[in-house]
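Two complexes come next, and they have one chain in common, subunit A, joined by subunit B in the first and subunit C in the second.
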Partner chain A sequence: MKPITEAANRLDFEDKITGAARYCADIRMEGMLFAKTLRATVARAWIRAIHIPPLPSGMAVIDWRDIPGKNAVPIVTDDQPFLAENCVNYVGEPILLAVGPDRAETASFIRQIVVEYEERKPILTLEEAMGRDGDFISGNQPWFASYGYDKGDLEGAMRRAARCVADTFTTGYQEQAYLEPQGMVASFEDGVITVRGSMQCPYYIVDALKNALGWETDRIRVIQLPTGGGFGGKEEYPSIPAVHAALAAIKTGKPVQLVFDRKEDILCTTKRHPSQITIKSYLDAEGNILARDIDVAADGGAYAGLSSVVLQRMIYSIGGVYRVENLRIHGRVYATNKAVSGAFRGFGGPQAFFAMETHMEHIARQTGMDSVQLRQRHFLRQEDSTSTGGHLRSPVPLHEMTDLALRLSDYYRKREQPNTDSGKLRGIGCSVFFHGCGFTGSGEQDLIRPRVRLRKDVDGIVHVLASSAEIGQGAMTTLSKIVARTLSIPLSQVRYEYPDTKVCPDSGPTVASRSVLVVGKLLLQAGLEMKKRWSEKAFETEARFTYPKGFSWDKENHQGDAYLEYSWGANVVEVELDPVTCDYKIKGVWAVYDAGTPIDKKIVAGQVEGGMAQGLGYGGMENLEYADGKPVQVSFTDYILPTSLDLPPVTFRLVDNESVLGPYGARGLGELTLVGAAPALAAAIENATGRPVNRLPLTPEYLLEVMNGG
Partner chain B sequence: MGEKISFVLNGANVSLETEPMRRLLDVLREDFGLTGSKEGCGEGECGACAVLVDGRLINSCLMPVLAVQGKRVVTIEGFRETARFHALSGSFDRAGAVQCGFCTPGMLLAAEALLTDNPDPTEEDIRGALSGNLCRCTGYTAIVEAIRNAAREGEGLWP
Partner chain C sequence: MAVAVYPRNLAEALRILEIQSPLVLAGGTDLMVKRAGTYPDECPVMYIGNLPELRQISRQGEELRVGAACTFTELLASPLLPDYLRVPLAQIASPAIRNAATIGGNLCNASPAADALPMLYALDAHFILVSAAGECRMPVRDFFLGPGKTMLAAGQLLAEIRIPIREGWRCIYRKVGMRRANSLSKLSFYALSDCAGGRLQDIRIAFGAVAPTVVRSREAEMKILSGLPVEEIILMYNGLIKPIDDARSSSRYRREACIRLLKQYLQS
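Moving on to the complex of A and B:
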């Protein structure tokens, strides 16, 4: 048998290459109406009145009074309404919907509605939120979540230290920019609401519908459609348009399509959290890092959303790949009157690793050490304890990976002679990082208890019944390969349809680099059971998650195994920078990853190349700012994404380090590929310019400030 | 307000009475049900809506239907019937150039426009030709490789 890693044909390929795949906006149904959302135009206000012109025939308006259940998006807390009642908290917040048979007319009707606001003083920046002592957005403090934990004895170590190196870093927003904007189609028949659309987490939407409608699950059906990219942006957000479309379909009795345009999508959907991170490292006279005191602040936007969970990942990642025995780590995510910050590939990791890795560069610079050697001296090893006191059970191949990345890139030669004759500055830099796979701590067990089923038909075809969504990342193919391999049948004998909650059990959301590690493992278990009974004609098998033995997690105190598994990475980036304009080009990218055994090398290559592109975009060119509570960049004309001209190919290698927990030795990869890019880019720019940087994105404008000593 | 517009769509003569300033993209998707052309931005920035008009790659979200009067329009639905499509499809598959697929029809038509002009493009030529087509998933490398391989293997297809 061929190794599982050998590339297979993607199951969704034919449909997509021929243009036959029907995404949400491509759906047409008999009598279908089009919905358009009225959105807040001010950042914070009481709604005093809404003036709606007489309704043309065939049109309807849906507002919060049409919600029979609870007007609250069920995420972690329930502070966010599906539709605003008497106040708005960010520009773009949905107030009501209009639906009608003609898209253009519906949109023009929305434009005629006048909302009278009584404006309140908004909180527009992280700094404002931190300094606020009253009139908060939610509850009686300016933050949604505040966490802290310690390791060892910080005070004692501080007394022994010879010096302290301190840095403060800030990072900006990143827009998801999946190429397909958000969209949902809802239809209501025989008392059952069916919602189809672009999504990562069908069961999040089931929960949202249950909440909003007050109905039981047997009257709710959610089906994923081909989805034009997700990256986390279609994790929690789609619950909102799903409920909107459902309310309209129930009210009108007709199918309703709700598709955002790009401006609307940028205005109102979730983005990567901006952050401000301060790290103080205490060193002895030999340059050993004795202790660190770290403070993380993140901008959560107007509602809590997933911010508390993102903050957890930030504070569990901020220790980096280093063994430092004395730590104090504190983090808060604050409320501001802006679009809700949310899940985005890396989920708090990109901010944390940019800060920690750039800080390591700065320590080296200030102490006259080589920054790679400084890292190597402190690398985590197998059997070490993590910042939360978790146990690193598996080999941690950081030395091998870093050496390989440096060798591939010819790092040391380039590092020492950064300048070229052309008058351009050359620089090279590296980053070393990890991504914890699966839900935080015991979340897989406590929050979802995922399960999967396999069904064998009389014709021998095996159907995979799982709620993992194909969003471009290759989940369909990867998970089907695991099943085919387990049953020793050809891939063509396995079927994986877009998940439909009527037939698929809840195997959890398609997030957190958990699909292969957790869902893949369950499919393997269900497959083993099926294999035993293979001679039976038609039957089903099921597998449920159980928390692995020996792991433990104390959520209150942030102690124990923060993640089930860790994937590791080392990146090198080389740049060439014009010292006059500070424009730069990325000349080379090298990457080494340990994500266990790859299930499909072609799909893995796609994740590496795509994640790296998003990470370099985040680090360099993708700039989204707010002014007066409104995003300044609201189109692809202003929000600049990497194009084919901006990125060189990535030279990458995978190290061989089988996971014990994951199926066929695999663990998570999807997010890992993004998190190391920005810090490697920052290190390369510092090497080229000789100046420290402390902010993302690294735009030429910002670098000019740096070069001019600003 | 309606005006009669006639053009050749995927090899067939078509005509319709419509408002002449409607976007070609909407006419293709709504009047002809050709949903392979996608709307990613509606502003000419992403190339998801790209089609060929008299062999030239254009963003159909920016073009009024009036502008194709008497011209030849090719969308993915027409292109997929050609030998050139099959060469590109095979190389896209092997290179892993499709992820979410939303940019894919536009990318294929961009490739066709390039190879028609320049059957033996360098990597730089390919990157230049794709620079108006955004892809958020792949980082472009696999797409560039796929097009290079199609050019190499598709002998005689793009003379």
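Moving on to the complex of A and C:
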């Protein structure tokens, strides 16, 4: 048998390449109606009246009164309505839907509806939210969540310190920019509601439908359709259009399709949390970091959503890859009258690592040290305790990885002798980082309790029954390879269909770099069981998650093993900057990752290139600003994503460091590849310009200010 | 659903234009990305991309004549095109878009950020406008009124662009975009100089995307030729540039980057 890492033909590609794959917008059903959403045009207001013109025949309107169950999106808290009742909290918030047989007519009917608002003073920025002392969006304080934890003795260390280096960093929004906008088709037959669409987490949608309809699971069916990208944007958000389409299908008795257009999608769906992070590091006379005092603030938008969980990852990542014994870490996520901030590849990590890695550069600059040596002196090692007091059980190959990245990129020669031919400024910089795999703490055990099943048919075909969604990342292929390998059968004997909650158990959401590590491991276990009984004709096996022995997590106090496993990375980026326009080109990208065994080399390479492009886009050109409570860049003409010309080939290596927990030694990789790009870019730009930066994205507009000393 | 009409020649196109007032579509790369509802559904669409009269490239003495429906790919492939026209066109969009996009569409769309514009201002190009009633010749600077606004009248097509050719022009074009491909200009800087015999004979300077139309001043160019100090030249252009804040950049950046590019150019 070939090694498992050898590239396989992807199971989802033939359909996608031949055009046979039917995405949500391609679906046509007998009698199908098209839905269009009426959205708030003001950031914060009471709804005083809604004037709806007489309904043309065949059309219907759906509002909050059509929700038989709870008008609340079930995420962490129940603060977000599916459809606004008497107030709106962000531009783009859904108020009602119209459905009709003609898409254009339905859209034009929506445009004729007039909403009378009584406007209230909105909170439009993080600073405004932090300074607010009343008239809050949610509850009795300006934030959704506030957490803090300590390690060691900060005060004592501060007294011993010879100096302090302090920085404040800010980061902006990022839009997931999946190729396929959000879309759902719902149909209601024989008392069962079936919702199909573009999604990462079929069971989140089951929960949302249960909440909104007040029905039992046996009347709810969710099926994933081929999905044109997610990046976190199809984690929690699709629950809203799914419920909308379902309500319309139930009310009209006809299939209903709801597909967003791009402007609508950018306007109202979740985006990466903007942040403001202050880090104070206390150093002894030799430049050892004794302690850090860190404050994290994130902009959560109008409703709580997943913000508290994103904040947790931010504050568990903000310590970086460094062993610092004395810490005080505090974080808050604030409410503002903007679209809800939510899941996005990296999930709080990109902000945290940009801040910490750039801060390490600034410490080095201010103390006259080499920034790589400063990092190396403080690298975490196996057996160390993490910022939350977790135990690093496995080898932590940071030295080896960093050395390799520096060697591949010829870092030191380029760093010290910047090439300034042709009047351009060259610079090179690095970042070292991790990504904690799976749900935070004991979440896999406490919240998700994932299960998988394998079914063997009489013809010997094995069906994988799991709710992990193929969103372009290769999950179908990777997970099927694990099953084939475990059963010692060819991949062609394994079937993986788009998940259907009628047949697939809940193996958890397709998020958090957990699919291979957690779901893959369960499939391996179910496979081993199946292998033992292989001589039986047709049967099923099941595996359930159990929290590994020796791990512990105290959620209240943020103490213990924040993650089941860690993946590590080191990136180097080289830039060439034009000092006249402050425009720059990325000249080289080098990356070393430790994600354990790569289950499929080609899929891993795809994740590396895509994650790097998305991470460099986040760091550089992906600029999304709000003005008057509305996003400004709402098209792909103005919201700029990198193209192949903006990204040179990525040179990457994987180090050999098998995971003890993961299947065949594999760990999570999907998010890791994004996390280190922006800080390496920032370090390269600092090296080129000789000036510190403290903001993302690093646009030429911002760099011109930096060069002018502003 | 819109009705599509495909005239076979220019005369037929002009007749249809006069009678049906259709929406004119050449490469469609500007029209197709406009949002639904921008144009009334009942409006017919007339495809002019294959009208033979609009697809010629020829040289008549010291004048290059370019048909409005030539695509950028065709222009870039033509041996008649001098480098100082080739350089800006090669930076437009990406190969796929250049295969469809026409120079006439770029001009009639009249975006201040259009990359074909600054060079035509700098070169004192003329446009040939045609209608069923006849044709007229108009200097480029008279054609553009502001963003999306031109002198093109109902019933008229842009047929040809006439560009004076001159040996000895050296050009630079700096398109400051948002990325390396498929990106509109935040600002652009086009300059021509003729240094025949080692002496500066003539100079032309044009800025794109920093005012409602391209910024060019013959007066300032004459001052440069007369040897006015760089600082004073910069002051003159600083007064002519009127950039805005928008989704793609800030007025502050646009102004300062223009001035820095100009300074670098004048000092070199």
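Just so we're on the same page, the second predicted complex is superposed on the first by the 709 of 710 C-alpha atoms of A that agree within 3 Å, B and C clash if a C-alpha of one lies under 4 Å from a C-alpha of the other, contacts with A are read in each partner's own complex, and residues count from 1 in each chain.
In this section, a residue touches a chain if its C-beta (ideal position, glycine included) is under 8 Å from a C-beta of that chain, and two chains touch if they have at least 3 such contacts.
Small disclaimer: the values here were computed from a predicted structure and weren't measured.
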Subunit B versus subunit C as contact partner of A:Glu116, first or second or both or neither: neither
Contacts of A:Asn9 with subunit B and subunit C, given as first, second, both or neither: first
Which superposed partner A:Asp457 touches (first subunit B, second subunit C, both, neither): neither
First, second, both or neither for A:Glu189, with subunit B first and subunit C second: neither
First, second, both or neither for A:Thr18, with subunit B first and subunit C second: first
Most subunit A residues touched (candidates subunit B, subunit C): B
Partner chain in contact with A:Asp656 - subunit B first, subunit C second, else both or neither: neither
Partner chain in contact with A:Thr637 - subunit B first, subunit C second, else both or neither: both
First (subunit B), second (subunit C), both or neither touched by A:Asp446: neither
First, second, both or neither for A:Gln473, with subunit B first and subunit C second: first
Overlap of subunit C and subunit B interfaces on subunit A (superposed complexes): 637, 641-645
Subunit B - residues contacting subunit A, complex: 29, 33, 35-43, 45-46, 48, 75-77, 80, 89, 92-93, 96, 98-105, 108, 126-128, 130-144
Residue ranges of subunit A in contact with subunit B within the complex: 7, 9-10, 12-13, 15-23, 25-26, 28, 177-181, 226-231, 261-262, 471-474, 602-603, 605-606, 609-614, 635-637, 641-645, 647, 649-650
Subunit A partner contacts - residues on subunit C that touch it in the complex: 33, 35-36, 41, 94, 174, 176, 178-184, 247-250, 252-253, 256-257, 260-261, 264
Subunit A residues within the subunit C interface of the complex: 104, 263, 580-583, 585, 621, 632-633, 637-638, 640-646, 700-701, 704
